[in-house]
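To keep things clear, I will list the structure first and then write my remarks on it.
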Amino acid sequence: MEFSALPFIIHIFILAITPPFFLGIIAKTKAFFAGRKGPPLLQVYYDLIKLFRKGAVYSKTASPLLKVAPVIIVATTFVAGLLLPITGKAPFHFEGDLILFAYLLALARFAIILAALDVGSSFEGMGASREATFGAFSELAFFLGLVVLAVTTNALSLNAIFQWESVHPTLKPVFLLLFFSFFLILLTENSRIPIDDPNTHLELTMIHEVMVLDYSGPDLGLILYSASMKLFLFMALTTSLLWPQPMEWEWISIGTLFLKIAGMAVAIGIVESANARLRLIKIPQFLIANFVVTVFALLVTVFNKGT
Amino acid sequence: MILILLFGIPAFLGVVTLFIPGEERRRVRRRLLMIGAILHALLTLALYFPGVSHSLNDYLVLDSLGFLFLSITSFLFLFVAIYSFGYFQKEHHSIPTEKGVRHLYTPCMLFFLSAMTLTTMTPHLGLLWVAIEATTLATAPLIYYHHHAQALEAAWKYLLICSVGIALALLGIFFIAAASKGSGTALFVSSFVKNAPNLDPRWLRIGFILVLVGFGTKMGLAPLHTWLPDAHSEAPSPVSALLSGALLNAAFLGILRCYQICSAAGLADFAGKLLIIFGLVSLFVAAVFITAQRDYKRLLAYSSVEHMGILSLGIGVGSGFGSLLHVINHSLTKGLLFLVAGQIVLTYRTKKIAEVQGLLKTLPATGILFAVGGLAIMGSPPFAPFISEFLILRDGWVHGHFIAMSLYLLFLSVIFVSMSKSLFDMIQGEKKELPSAQREREGEAPMALPLEGATRAPIIERYGLMTFSPFVFALIVFLLGVYLPPPLVAFLKEASSLLGRPL
Amino acid sequence: MDWLIVGIILTSFVMLGASRLASCIRMVALQGALLSILPLLAKPSFWDFHGLLLFVGSFTIKALAIPFFLFRSLKEARIKQEVEPVVSLHMTLIGGGAVLVLAFSSFRFFALPTAPFPSLIVPAALATVLIGFLLLISRTKAITQVVGFLVLENGVFLFGMTLLSDFPLTVEMGVLLDLLVGVFVMGIMVYHINRTFDHIDTTVLSKLRDIE
């Protein structure tokens, strides 16, 4: 495995520092469409700093799992981030790392579901059940999407997959399909609006937020931070489907990365402003449709490769 | 030139009558209908004279197969037009008409005639498809003629099921075209036949299956016949006669055209097997439903399913001559029966078998015609359908389809027994008091029943115009049963030789 | 061109999943538009009088006239917007996926030289036909059945496009005209069904049966 220090450090730096900023962009976009001024772009950083200064309160029924979970979530998400190429090559890459990537994200989800159940509140339990149900649908599509990518590009490493400019032109529509599919997965996985509303805390219909109600202080800060990182990873992944990653590291790729992801954040903001939350009952249909689109992408790939 | 006139005149008159709406101008429209029918019949007759060209360009060529179907259609249409002259006079006097509705009858009939004509005279599969779909569209408003809920249901089912079926047939035609990919064949039957050895049999097989399913839907082959009983029983009787006698034939012709291609490409056995299966299933379904039927118009409709099954079976076992003869016989006989059924409906105001009795005593002429038609359709001698059904049996036996022929006989006998019971229950028995007479005596105003023609006028009148057409049909059915004129035999032989298999 | 074909299939999926009639009709219009543009992109030789006439004809009929009729009968009959499927939309979507797999997996069998069109067009056409069928049998409203019929017809058209380099103009126009008149008549009937039964749910159309 080749290793060069500068891209590595920059990759870690971007991954660790920038994600909350893009949450700010989404919030600004939504505020713009709602005709408000909106919170400052760096609001999430202020929130995080505030939370880290606070003390934490733990439920009496909870086990140490509750305290461990946020750390696991941050750690897994961060390691997943090291596998994904964002500015040139990823720091770590090997054949089959896309499976590790998917499983690390799944592990984070598993940890948060366990922690939610650990609290012993029925409210959190309900959220955990929903998260598991919808997660089952979206992970299916996510995995299938990765499979399609692997088949299309004949590669098993995320690094190689996202340098896809050289694929056959008849396969290009596949990437558009996958872009749609991954965009919907992004919305689902990160509890964005048509699926879930990240801003509500007191609705019986919410999914993700209900699971973390018992967290406070630094723990909540960690979860918020890891959520922003996850969103960042998904945005990077999804945008790479429209613009392939550069082959080699360059300074300019940092600029393009920021442009791409900021554009994506604006797009999410627009989608969130333009749509209302789906009824819970409609969500599986939405996810199945997404899955079918991914199947379609797979079929097109296999077909075009076969002929 | 004659070919263009043949489908051009009805289409033109149809457009003209479209612009003559209104109840008061009904007579004008009816006269135009008659003019169209007579002109069409005369032009068809003119084609019989030697020296008259049967082809205009590549797209309009009348081969003997098409000519046969054209003659049947033209003949049937003429007499149905004569009949409907009398029929609607009666019906119109009786039911208050909804505004802006009835005037579609004449144009649709004429459009139907035009589309049927085009169907028979084009050897181009694409154009054939267009024409057959046009017949569906032209007849849908005819089925909806009475504008009540059941008619609507029947028309909707008819339109949707047949349109979908025919869309499949188009796919089948494209598949057949795909079979010839690379050889630059246009969609002409003749060029397919010429190019037959080079056709890819895989595509041809699927294509034929699709065409059979698609046009089979329209032809009323079971299990795709579901629209047929509804449409035939809800349409006004002259329309039912045309549906059975002409429209189903159009779809059959579509299947025959593709069969021509298949048999030229050496797939006659494959296609024949499919046709036999569809035919036997239709016979079976018809036998079951005829036995349990309580409605005589539906009974006749199922009898159409039966006879379409016989046609399909006949082609399948390789009896081209018998089947084509049966096309003639069935069209005439079924035309006769539906026209007579129209009189019965007008008289008794019911379609239930149980409520009709003593036909022979109430309306002697109608009763006799109904009996003749019934006997003929069940295949008893000395009427023409017997001859053709027997020919099919003989050919099938000679070609070694023993199981299929045994089943054929079995189903025919079941149908014979159950149908004769139903029909003769209606024909025999004591004279029945008719509903309108009864109501008048009770001093009750006759209601407009959701049936065809609730007549307010005294019932038993002379059905002059209405009896003439069925009488002509009955006469021909009888004569053909006794004696097959040699020119007809030669004509049918020539047409059946197009189907590719020797007798 | 691959994009167009992918788009055609995606529109049929949207129809499978859509819960509103208006969006179904809009999608069928979009599909018709994509379909009529396809030959223009595929064949340079299509830019002659015949090809352009055909494009104008099919575009007007498939993308403008037919949706217009459908919208009009939707409005005149004051039909409620919901699609009312027989089986749940989830199941139809999964069915759509299954159909897609079926259509694509049979491609070896249906291998066919399709130039100048991409070879994707054959499975796409089959899938569209099958999805049309699925729409037809899984919806109760008369107007959605018409939409299903149109999707089916579009699939057939897509298939036909690949095969016939010289489809005679008259015939193709005839097919289009049949389609137009067919939808027109169906639209009128939808109106009548609505007037007679107060809604266009075809489940009411079951009075006619053999044994009472």
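To keep things simple, chains are lettered A, B and C as they appear, and every chain counts its residues starting from 1.
Keep this in mind: a residue touches a chain if its C-beta (ideal position, glycine included) is under 8 Å from a C-beta of that chain, and two chains touch if they have at least 3 such contacts.
The structure displayed is predicted, hence computed values, not measured ones.
If chain C is disregarded, contact among the remaining chains splits them into the following groups: A | B. Of all chains displayed, C has the C-alpha centre closest to the centre of the whole protein C-alpha set. The largest tally of C-beta contacts between two chains is found for B-C.
The mean-CA centres of chain A and chain B are about 65 angstrom from one another, to the nearest whole unit.
Mean C-alpha positions place chain A and chain C at a centre distance of 37 Å. Centres computed as Cα averages put chain B at a distance of 30 Å from chain C.
Multi-chain contact residues, meaning those touching two or more other chains, do not occur anywhere in chain A.
By the touch criterion given at the top, residues 2-3, 5-6, 9-10, 13, 17, 88-90, 93-94, 96-97, 100-101, 104, 107-108, 111, 118-120, 123 of chain C touch chain A in their complex. Interface residues of chain A, counted against chain C in their complex, comprise 169-170, 172-173, 176-177, 284-285, 288-289, 291-293, 295-296, 299-300, 302-304, 306-307. Listed in rising order, the residues of chain C touching chain B in the complex are 109, 112-113, 129, 133, 136, 142, 145-146, 149, 152-153, 155-156, 159-160, 163-164, 166-168, 170-172, 174-175, 177-178, 181-182, 185-186, 189, 192-193, 196-197, 202, 205-208, 210-212. On the side of chain B, the complex with chain C involves touching residues 59, 124, 126-127, 129-130, 133-134, 136-137, 140-141, 144, 147-150, 152-157, 159-160, 163-164, 167-168, 170-171, 174, 177-178, 181-182, 186-187, 202, 229-230, 233-234, 289, 292-295, 298.
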